[in-house]
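Per-chain residue numbering starts at 1, and chain names A, B and C are given in the order in which the chains are listed.
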């Protein structure tokens, strides 16, 4: 939908046609287009998408740092290894399959519901092919910018799961699972909305992915955690045993880098450098993140009776997840409310999942899953877009979350049957770093 | 002043009028404006302000990391919690009060001296309101960009104080103090210059805030430290006991992120993407930061007889603070001198404050306060702007520093009388992390 | 060559002449140019070079963090101190000598082979001088942008060496060596290609410096390591003793920041914000980095029998170094191969250098040196540029590597004769932090 809207907008301004014409006519005419004032706008739109891709890239360092900081020292190498693998395989899988499965154009296998993937633009034979690949008739950025921005998004879904299954998941099993999730499953729900599928047909609104990215990842994580079971020693007969985070400065670095990356995640989802659009999104995004932090600080102080840093950090993330679906349409004062309520929700949700013995070491299910749903509903509650209804928002976010939960459960359960998904008790006790990687994360011995 | 200058410049180019016209006429005409070549310039100017806002945002991670790295391990959670709170409350307070207090336009309470604040642009009822809020007739970026860039700046003032009072300040007292400082006090001196107040009338020059941000924060910090007193065990009968930094790689990360953010702090203060302007500011800013590092390395090697990493890092920051007032007018070779001298000053100043028993764990008073004054004077010493005089620069920086010192002292002292500002000796000894937050920052126990 | 190509391209579009005209005529006409649509393109090109400079700047934090994380805890302060010094002195030296030595224009001392350096644009006397300095008739960005972008590049060469000589090099000796390397030696080979020297005459292609930056640094490092010798206790009678990394989360931060910075390193080397050009470079750069990670993961799993995080991280860097020479011409699918093979090479190369008792604590010689050569050859193997031949690529990369090796050896050996290059055994055992800097990096003692 995002692209279609843009196409319409551009057509209205007479930009698309000039560009499409230029492109259709081949390189020479492309040079002619480059000499027009319209090309300056194209350049800046395109550059902003690329800078946004770089900002989303750094979110992967954010995720790795949050997860490593929140978990135990003995599993740190394992966590970072998983994250390096996910971003690498995620982008490659997206290039070879996911991008075309998510944006099928007219090539649906089942109309508006499912499309097969394929490698991006195969032809590199002729100059005309090159031009076609380098440019993009349907938007104000190149085909390559489109791909790399979306590729950086794709891997985040699997990374969300990584945090929830940390400290006891078997490495090879997780690598297989994550590859399937990001390459084959994420693009399906993506196509429903951003690929102009059935949810887009119903005027479902999810600007930058409260549902399509975050709730997807959060509910995939929930399924994986149910299949996997809690860490040994977390839920004992004597109650819940807190497992302390190993490195909160590292978690702090991670959260602030995620916040920074969100300016590209949401800001780049404007899909242009439109002055009013990007400015508005920056304000709603940042302010919701800030009130998310305040909401979680206040709530955790009341509920947990102490000023809790982990909750404050998760609160900022919760606010950001919450505003992601409506960052383009929810007015700034409403964004304050969206974030603050997300900050309240995340504290209650983390406490709730602990109570029902769902062990999620970093709170990923609450931050991304629960607040992803909250954010999607907020577009109807606080947003100003005509045609958006609470019913469709609810239908959409539940459909996406259900799809993520069911397929994640099926895949992870199948892997469990075939090869197991959990390290043995001795390894878990020792820590995965030494057991699986033969190397501790920190070596302190100084003569 | 910055905005007025810009307005004049834009008018000269015939841009403002076109834009103002477009805006006055409502959305349809705005679309017409968007189809003009002038809009491409508006887009890029606006985008640069937004990217700068993101860069200034990451300075908050820089501040938190420097402070946590330079202080003791046992107070790390407390430090990061304070920093998360400050950036959250700072931005919200700026939205609800500070922005309009700092840029009053014609709405002064006492002409050119003081203005009451209010929430930013209240009306969201009509389309025309939306357009008015999304655009900005007086500058080449939107109202939202203006706000979010300035909001990111605002919280830095309180963050500077955070470092100086670390390791013994009472959390709730500091939270109240920081909220007042950033929301109500910082905008007052801000209005004197950037809000076109009395210092602007006198042709005072402070490009990006050597005085308005850094000296303000540094002298507010000095007052708070005097009210608070030194850490237990720092100044003993047997002399000054060094309290070692807990994590220098973390401090190193912090300083480099601050340096990175400074490209937005100073570069964004050009208030456009003007090619000559931003390029010039990048060069002067970076080179002063580099010679600041070299100046501090040399000085500390001579004075302290060793190559001191903390001083090298603080030297880079000192150089950056030093160039901030004149990054737009001080020629590049002079910028080398501005930075190098700031690097010398900061080492001597840190040593001096230690001697007079002002306990500033991170050197914030020296880096931001003393070098902030130095930088402001440099505009007259090395700058090339007509109308700038040493006398007015001195008057301005002293006025701002004095206002910060006096009001900070009054507020912090009042809080001391009402509820105390210091943790008890047992808590200070134990560390604030466990005592106030119930959670250590690092947990190393590995089976 | 990069600039000349651009000049041609711009002339074709009629941009350069407009700008050159405007500039020749002085400030008034410059204002007139600013009112033309062409100026919007100039603004965005220029801004992208500046943002790229900021991205390359943050690579210095990346290098410091990788090096500190991969080495022993007891040498961490020393490593960070070296890195702070290098970036500071590197930029200052480049301003005072290197820039003009690398881009001599017509001022060669020996035609196309060697030019003396000098301070950048001396004149600041008149308005016309200012304009001349602020603008740049030969490219679509200002003189200042050109300088600061290249200055950020320059220091990376010495930083590469820093990693290889870590943990036993004498601080003052290294400081002298690094200053000479970055100021006087790096610009020589730089001038051969980017300064339009003899390699450029032969149609050698090295887009962003697989050879000119990375192989240069890697082979300078090899020479320095040979002069210096291995760390005590690394190669014993009983075989190779692994020296464990002290802080892998820090190394992880470093590698991801380097990856982020590479978007500016390669992306900015387009020397404009050309939409097709920068998009293409982002895709090839990122994808090669990702397959580099996958290649190293697979290879190290087979060769070392474990999923090795250090190798995965070095694999991403190897892929990035590999694509750097041809990021603008190697098609995206070929970029997958370039990166994957670099990932294989780096694991084998690290193992090889260990076997021949070349002790390189961070693998800099393999990542930058060996993969730098690989990347340079890839332009001929996978690239599509007319005139590029395998023979010239081989000649070029070997010439540059040989020059780096020989001059680095000579300078470091001379320093060894004069003042020694190695700390004494007792200091090495104790760690350089306490011995040379009087301060450990981490202080954990908590009451």
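To be clear about the criterion, contacts are C-beta pairs under 8 Å (C-beta built on N, C-alpha and C of every residue); 3 or more make two chains touch, one makes a residue touch a chain.
Being a predicted model, the structure only gives us computed values, none of them experimental.
Shared contact partners of chain B and chain C, listed by label: A. Comparing the contact residues of chain A and chain C by number shows a mostly separate set, under half of all numbers used being common to the two copies. Note: Cα superposition of chain A onto chain B, rotation of 120 degrees, nearest 5. For this pair, chain A with chain C, the centres built from the Cα atoms lie 32 Å apart.
Contacts with at least two other chains are made by residues 37, 40, 44, 51, 247, 253, 440, 442 of chain C.
Across the complex, chain C is touched by residues 12-14, 37, 40-41, 44, 48, 51, 55, 72-74, 244-249, 252-253, 256-257, 259-260, 263, 267, 273-276, 278-280, 282-283, 286-287, 290-291, 293-294, 297, 306-310, 312-313, 316, 331-333, 336, 429-431, 440, 442 of chain B. Put simply, chain B touches chain A in their complex at residues 31, 34-35, 37, 39-40, 42-44, 46-47, 50-51, 53-54, 57-58, 60-61, 64-65, 68-69, 76-77, 80-81, 84-85, 87-89, 91-92, 95, 119-120, 124, 134-135, 141-145, 147-148, 151, 171, 247, 250, 253, 436-447.
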